[in-house]
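One structure is given below, represented as structure tokens, and several questions about it will come after.
Read from first to last, the chains carry the letters A, B, C and D; within each, the first residue is number 1.
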Amino acid sequence: MLPDASTLAPRIDHLLWLLIGLSGAIVLLVVALIIGFSIKYRRGSTAKRGQLPGWLARDVEIGWTAAIFFVAIFLFWFAATTETSQYEVPKDAMEVHVVAKQWMWKLEHPNGRREINALHIPVGVPVRLVMTSQDVIHSFFVPAFRIKQDVLPGRYTETWFQATRPGTYHLLCAEYCGTDHSQMTGGIVVMPRADYARWSEGTDDTGTLAQQGARLFQRLGCTGCHGNSARVRAPSLNGVYGRMQPMNDGGFRRADEQYLHDSIVRPQKDVVAGYQPVMPSYQGIASEGDIILLIAYLKSPDGGDVQ
Amino acid sequence: MSSDIALHDPFEEPARQQVAVSFGMWSFLATECLFFAGIFLFYANARWHGGEAFLNGAGESAFWFGTANTAILMTGSMAMAIAERAAKADIVRLTRWMLWAMLALGLLFLAVKGVEYRKDLHEHLFPGPDFKLDSGPAEQFWAFYWAVTAVHAVHLTIGLAATARLLWMDRHVSLHRHHSTVMASALYLHFVDIVWIALYPLLYLAGRQ
Amino acid sequence: MKEDRFSHIVLAPLKSWAAMLLLLVVTAIYAQTPYLPAKLVVNVVLAMGQIALVATFLMQLRTSRMLVRLAALAGLIWASFLFLFTFADFLTR
Amino acid sequence: MSEGIAARDLTRPDYLQYGTTVRSWLTTTDHKRIGILYAVAITFFFFLGAAAMALVRADLVTPSADLITNDQYNRAFTLHGIIMVWFFLVPSIPTTLGNFLLPMMLGTKDLAFPRLNLLSWYLFIGGGLLTLFALLAGGVDTGWTFYTPFSTLYSNSHVLLAALGVFVVGFSSIATGVNFIASTHLLRAKGLTWMRLPLFVWAMYTTSLVMVLATPVLSMSLLLVVAERAFGLPIFDPRSGGDPLLFQHLFWFYSHPAVYIMVLPAFGVVSEIITCEARRRIFGYQFMVYAMVVIAVIGFMVWGHHMFVSGQSAFASMVFSFLSFVIAVPSAIKVFNWTGTLYRGQVRFSASMLYALGFVGLFTLGGLTGLFLASVPLDVHLTDTYFVVAHFHYIMVGGSVSAFFGGLHFWWPKITGRMYSERLAQFAAVSMFFGFNFTFFPQFVMGYMGMPRRYHVYPPEFQPWHVMSSVGAVVLGFAYLWPIFYLGWSLVKGEKAPDNPHGSTSLEWQTTSPPPRENFDRLPVVDAGPYKYHPWHSTPDEVEQSHRPQLP
């Protein structure tokens, strides 16, 4: 059967077997009643068929309805509690950036290592996936970890898992995305920590995401306005990640990954208070991969602090 | 008085048929209400997420064209109401005049709309490569503008066709006998007017600061 | 044409037409003058007022049976389901 | 049998002999003939959709793409989806059995708007031709869900034509819905109060409510796809701030109530069959009626359970999950009441009864797997896999289609005036039950193991399950083709049907079969509730026909 290779998997299996048990009992009850009544009271049989007392019919009915309602509420509560623990992403999670493109997965480790349709991760370390798509809706589905999250164009979606057992597991695209939807698959390779350390040693010299982002920050001309010595008035980006920004039309917005992504691609949407919407859009100039590098650079400690 | 209402098949007495036509038309208008609710949801979502840029886009709309058109359609709707009541009271000349008034005002509305469309196209306000403002929420406002005004124009054209058909029927048969048809057309045109009344602030007053 | 028929057939629509035009002028002016608060809310409320006028008087909902009024209301109620639950998603994302 | 409402004078022609030219059929406003016109149209679409699925099931026997290419596979399953949902399941029971029986059960001559009824059929045929042209000209590869931005920006197939075809057929079901609601409100016979209506009429009424109030939102969402794809208006375009989830909200606001449009009529048919064949008054009539009304209303508030993993907010997912659990309660009430109706009855195992009992069993399994998908953490794992495919096929095919076949067999003598061979029909019912389970139960297991939906090439470890499912599909195919022979045979050589072969006390059985043009010679007067079978220590045939109408 399906291996349970993540911390979430056993909890999902418990819920599944609880539901299978309950449903099996109800189906058996209904089928047994139908077959039993049909045969016992078949036409022409001599079974006793007196009149049913009125109160019996009504009380049995109300009793059954209340029972089913209680079971439904209990199942909702049980499922909801399982789910809420999945919503909080552990703080120390290892961040992997995923870019889905029509019919391939591009994954980038924090230390700059890039992979296509494969993801090497250490066992026992929570991994946070920050995902976006370059074209249509895809869906990051790893059956063995029981996780699935749609990957939307123009937006970051997140999910996380913590592998508990080394091995290679299927990575599948679960949202229909065109001709080769069924070929958009890959593998998650869960390795013991020592092997993972040795594997990630062999990074080529492109440097970490933040270093690549710094070079890109210069090349795309961001320093022209956002540099410290820039003449054009633009908000300073030093340590901007996570700060609450006052907006022009009143209200505040936290400068999270989504806000930074939108400000690069659609700068007119939410302009910081006191500034004019003069920034050109980088739609089509900076690809999703480049935006990930820029954001990684701005999240690094001395991000944005450049002449 | 009610004996001379034209009866259709399953109904025995005209009062029952009157309620049936009115109830059937209102049920259809409920579906139209949900139909437009879909595109209003798009407007609400685009305006909520669009923020300032959306309102800049809305600022480009032609305020005076919109206000004039709203007044025209309201007057037409009133004319149709008078026509329907006159048909019920069998006042033939008033019914005929008011139907012609409705047709004329409806065509005037479409004409004013045509002029506005030409002005908008001239100012590159159709979403696309040469869109006047920066692409993004402003372009979304104009996507809503073109889509909803086109759908509304189609609905108004259907209403005017129904009015023309009433005028054609008027020459052959007494509209008093076919009052339920007049009532159905009147309800439909009133609904087209209601949609425009709801659209007017969203399209023309959103951008005004 | 007798007096009461004239008032029902011509005067009643004229009165509601005049009221609607008045509301139109008010909403247009309110939107144009700068620095007035809550323009969106006021515009929408005035528009709903005009719609209520058309529905009750011109479309004679006031004098029609409960069944017909229910049909008129059903459209709005179900449309509110669509808005309610969709914005339950948009606002809390 | 009892002397029905219509005196048996052979001079009066029944509705089939009323005009035999093609023109008389194509311009008829008789609700009975329009029901038959619809039956012919949806049978054609049923076998077209089934052919597409036979191709897909044959190809899925091997994990690699042997029979057809990826693109052909995508167009085949999209064809299956679009044809089966909009051109067979949504119209199946309401437009055929509903059109035929509703006026007779209400005790009236025809529906409230006969010409609107004929217009509904022409809209259906128009939409059908548009969609057929789109599918033959190259097909659509977006799936029946038309998700953006794939359907608007990236798909290079005939999305526009298919969207317009479905847009037109939407108006056909709105017209039928408005007709049914107006007729039920305004054309009930004298003495037929709301709480004396047969459950089939309640099913048609609640289905029409859902059809009328849900279809317009589908029309608008497809119109917006056409506006974006044909005219470049950036409505759902993520590059200019559009939200793909907006389309999913608009689409599922229709598409979840659509599954209740498909299953509510089946509730009505099954209630009529079980009460007549078990000779028992329905168990808990009020509970059954309120259950249907609650399903019709809350059915509009649960669509978010299709979008738990699509990036919807956690709060919205919780709200939709809770309401999806609550809506399971009315379905459970109905299943319990059908089972209760069998208690102390006189059960006869006719073919329609076998279909009805099969429905109750399969619908229970389908409904309970819905609870799996309503709980958010399980749905995260199970959605977009074959578990979901199996779930909705259990309810649509195991439930709605077998109820449609049951209703077709139960009212066949009334519609055609001919009897069919009971033995062959029972064989067809049983073979369909086993063929269906053999096809779709393996998909539950495959789905939990992580086999995604709409996959043409799949990991090899799923092959045994796919082979099992494809073999089951062959048995199911046989079970669907089999009725064509013996029902066709009954049309030609079948013996003349008596007015009331099943001894039912329902209004439509009190007139001749096939019924005359105006259904009844004298409009019936109703004085009591719908199901007067209660045997009271009596054998089945002594069920007194207290339903004989008094002269008005």
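Keep in mind that, in the parts below, contacts are C-beta pairs under 8 Å (C-beta built on N, C-alpha and C of every residue); 3 or more make two chains touch, one makes a residue touch a chain.
Chain by chain, the UniProt names read as follows: A = cytochrome-c oxidase; B = Cytochrome c oxidase subunit 3; C = Caa(3)-type oxidase subunit IV; D = Cytochrome c oxidase subunit 1.
Predicted model, so just to flag it, every value in this text is computed and none were measured.
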Query - Path length in steps (a step moves to a chain that is touched) from chain A (cytochrome-c oxidase) to chain B - result: 1
Requested in this report: Could you tell me the distance, in whole angstrom, between the mean C-alpha positions of chain C and chain D?
Outcome: 38
Report task. Just give me the whole-number Å value for how far the CA centre of chain A (cytochrome-c oxidase) lies from that of chain D. Result -> 36
Requested in this report: Mind checking the centre-to-centre distance between chain B and chain C? Centres are C-alpha means, answer in whole Å.
Outcome: 14
Report task. Among the residues of chain D, pick out those that touch two or more other chains and give their numbers. Result -> 185, 213, 217, 239-242, 245-246, 249-250, 311, 314
Report summary line: Contacts with two or more other chains occur in chain B at residues 19, 23, 27, 30-32, 34, 37-38, 41, 45, 49-50, 135-137
Report task. Indicate the residues of chain C shared as contacts by at least two other chains. Result -> 67, 74-75, 78, 82, 86, 90
Query - All pairs of touching chains, each written as two labels joined by a dash - result: A-B, A-D, B-C, B-D, C-D
Requested in this report: Spell out the part of chain C that touches chain D in their complex, as residue ranges.
Outcome: 67, 74-75, 78, 81-82, 85-86, 88-90, 92-93
Query raised in the report: What part of chain B is in contact with chain C in the complex they form?
Result: 19, 22-23, 26-27, 29-34, 37-38, 41, 44-45, 48-49, 63, 67, 70-71, 74-75, 77-78, 81-82, 85-86, 89, 91, 94, 186-187, 190, 193-194, 197-198, 200-201, 205-206, 208-209
Query - Residues of chain D that touch chain C when the two form their complex - result: 185, 213, 217, 245-246, 249-250, 253, 300-301, 303-304, 307, 311-316, 319-320
Query - Contact footprint of chain D on chain A (cytochrome-c oxidase) as seen in their complex - result: 1-2, 8, 11-12, 15-16, 19, 22-23, 26-27, 30-31, 33-34, 37-38, 41-44, 47-52, 57-58, 60-61, 64-65, 68-69, 72-73, 75-76, 78-80, 82-83, 86-87, 102, 135-137, 139, 141, 143-144, 146-150, 152-155, 157, 170, 172-183, 185, 265-266, 269, 283
Report summary line: Interface with chain A (cytochrome-c oxidase), chain B side, in the complex: residues 49-53, 56, 134-138
